[in-house]
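So, here's a batch of structures to check.
You will see subunit A twice below: alongside subunit B first, and alongside subunit C after that.
Here is the complex of A and B:
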């Protein structure tokens, strides 16, 4: 493998070609926050919290470090004022729909204001960790995305979930950064009610948990 | 009958034969048959012509053609009679008999069916003399008016496939690329990226096979340039695609057509089959060693699928969602192979460049924007339709010379270009030339060719809200800045038009826009804040009026408008009272009518129905509603009614 040399936060770093900026930074002990990244899964590039500023030539731009490949001569800033501002706004946006869990922790670190945007609680931040874990690691595809734009959501496909989830005992739950999926596998739930729907929003998996969370915040 | 054409000589001979045949027909009747023409009964009109020609026993000397869209869609169905070039507009089924007996047989002109300029009353016989067409230069779109898209011979008769012959016989792929680079064709799909450089990158990318793709997803609401070209002159796009395949070294091409375009799909499939029969597709094209074929892929109808990486995912059979694209699709596209994507109009320009040369082509336009651009001109303008103008034409020329200005004596306010994530260009830029870079400089963009004219009655805050509505629906929803950012931008704008805008909202809009533009995954998100940013840049005072004074200057935003009946103008006709859907009007015969503000749903019906000669209902915004007269003062004196 070819090596490339780049600068991250002023440090010169040599890594193999194809390494992502996130991997390169971590290898050099530089921490970048992430919400949709998991080493076991293919990068998704959806939360954009890992945004960093790169300069090659004169142009500076923002890229997602978890997907951007390292290249020779690249100058990367992981904590520039612009980057910090972007992360802060992203977290503030997420706090409007999902003010708990990792989002809350990171929000505290970045000093976000929790009421900048109008609340619309959905909890799921669509990081896709559960979906991708189920698909890539468990090869079960019991979860998926439906809809698009501001209506997009994550759902269980009950037909598959009834077969796969009991044996797996909800390993995906532990990946969820929001607290919407219960920490323990709720054995009683996967009956999906009497008339089995074709899709089942994640937040209804443990409706009581969801309502409790919502009540606590509102 | 059809036979493969194997050499340039054969094509030339074939063309001569077709042209001779066409000249033998003394008269040609062309009936416009684009998607919207069909809705106006053009198919029936075409059949009636056929029947009538047969009945009158003159079918032999007359060639009847169903063409594609002519561009002047508000006046369809359009019928053109050649060689006299008589052009009839708004033709209906009942006119066919008269046209045949008077204009075809007796060579008379039926004045009633001629186009009449609504402004001057002047009538025109020839299509090309009509102001709407006269100021255009239809080098790409012009053939639409003469050819039957289902008949490859019509295209060949007008010089079709000559560019392909020239490229295959006399040019190396590199020379084709050089020519396209010299002509400096820039992408008509929105980005304005130079086609030649993209072709070169794809050609030089190490991997094989390579693919070439046509983007006919055309998701911009109200835009239909690509549809009109694809359904009206599919061979011109196909020829451009085949040439791009030759230049890039691809053996396979895709034409991605959105689901909502059945006629474009039908005509394209037909064109592909014909091109195969004639040997323009397949193995050893025109006797060369070049092999190439094309497949049509039908889209699922989401706006974001028009984005290059999303479109390629869709062709692979996956969800049409953008991918992180730090490696260009020109290097790693469909199935990870180098793939070149071009817009329909971009490719339709290619045969022109090859035929007439880069020098000719680049003599049209401005320094950095060459050739022409087709716009779909809509909104508050007298003539609407598709217009093709040389780059460098000013917005004023399009709106006033071609578009005939703003109807009803109203004033121009802005023109929205660049599609949903474009921007509104205000009056002070009316004389700005159509040019990729000039548009970017003022915060707008060329986009794919939507052009919406807005008059003084348009609220720019409401316009921004409208486009944000569209974009937050059409975002794929994958990345946080785009999905959540647009959700909140929309919420803030809705709050402002509702009258609940707060101090700080403008700063918040700007901060959020900056983050959405910088951090979103694909170009949809990266450009989605444009409508807000340009509105704030050029119409900031309107935002301030909404937020600080709770006033909508154009009285469009319902939440900021109140209705009031002027007591001294009301004649007690009861029209408003009868029509108010919520019973919010108190009155009766001979009484001044009064709106009960608490009950009013602000539908504006009373404003519309109050007779023009009274105009008693007023729209108010940003000012207190006057106190209505006390009951004893509400009787309208007979003297006043008599007057």
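Here is the complex of A and C:
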């Protein structure tokens, strides 16, 4: 593998080609906050919290370090005022939908104001950790995304969940950065016994909507 | 997943057409969207059993199939009526009183946008721009475009829909 040399926070770092900026930074002991990253999973780049400022030539821009590959001569700033400000806004936006768990912890570190944006509690930031863990590590595909845009949500597919979830004992729960998946799931577990095909939305209050979406007419 | 789960016996005949469509595309997972479009052309919607069957047949995780089926607005996971009525609520049509037109259609059909009549005769949808703003407000009934139809014209057109 070819080696590339770059600068992160003023430190000269040599890494293999194809390494992401996040991996390079962590290898050098520089911490970058993340919510959707897990070393066992392919990068997703959905939370944008790992945003860093890169300069190549004259132009500086913001990229998601978890998906951006290291390149020769790159100058990376992980804690510049611009980056910190962006992370703060991202966290404030995330807190509007899920003000608990790791989102809350990071929010405290970045000194976010929790009431900046109107609350719309979904307790899901669509990081896809549970979905990807289920697909990539467990190879079960019991969870998935449905919908798009503001309607996008995470659901269990009961046909598969019924078989795979008991054996796995909900390893995906511990990954949830909103800290809410375990509680929500616990409430929907009894429904697994239902004979009717039902999909359990993580956003439970949307259950009725979702059932309307997927129900077969008798 | 077991075959039995994906294919209830009483609906086996329903699957013949699906199998034909699937075979036409050599069961390639890359043809999923095309296959679903053709299935929907046949049934007007995508029944859950068919998606389960497809996922198995195309060797594609169910969550991937659902991800795609719920991403595109063209796919419907709930039954749709035999006749599809679209009312344009794009900017130009809005200015040309599309809300009035929508109310008119809603009252005539007795269903709200996004709904299907219980006899599966009509489905009413609102759409963005149809590209023929000069005709606005536009109503599309089974792919036929109508420019600013009056209540009596609509009544007549709906009567012709079986």
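Assume the second predicted complex is superposed on the first by the 188 of 218 C-alpha atoms of A that agree within 3 Å, B and C clash if a C-alpha of one lies under 4 Å from a C-alpha of the other, contacts with A are read in each partner's own complex, and residues count from 1 in each chain.
Going forward, a residue touches a chain if its C-beta (ideal position, glycine included) is under 8 Å from a C-beta of that chain, and two chains touch if they have at least 3 such contacts.
This is a predicted model, so every value here is computed, not measured.
Once the two complexes are laid over each other on the shared chain, residue contacts for A:118 go to subunit B alone; subunit C is not touched.
In the superposition on chain A, A:93 contacts subunit B only, with no contact to subunit C.
Of the two partner chains placed by superposition, only subunit B is touched by A:46; subunit C is not.
Counting the residues of subunit A touched by each of subunit B and subunit C gives the higher count for B.
Touch criterion met: A:143 reaches subunit C, while subunit B stays clear of it.
In the superposition on chain A, A:135 makes contact with subunit C only, while subunit B stays out of contact range.
Subunit A residues 145, 147-148 lie at the interface with subunit B in one structure and with subunit C in the other. Taken together, the subunit C residues at the contact with subunit A in this complex read 1, 5, 47-49, 52, 61-64, 66-67, 70-71, 77-79.
Looking at the complex, you find that subunit A touches subunit B at residues 43, 45-49, 51, 61-64, 67-69, 82, 85-86, 89-90, 93-94, 96-97, 116-118, 120, 125-126, 145, 147-152. Contact residues of subunit A toward subunit C in the complex are 131, 135, 141-148, 155, 157, 159-160, 197, 212-217. Contact residues of subunit B toward subunit A in the complex are 302, 304, 324, 326-327, 472-481, 483-488, 490-491, 495, 508, 511-512, 515, 518-521.
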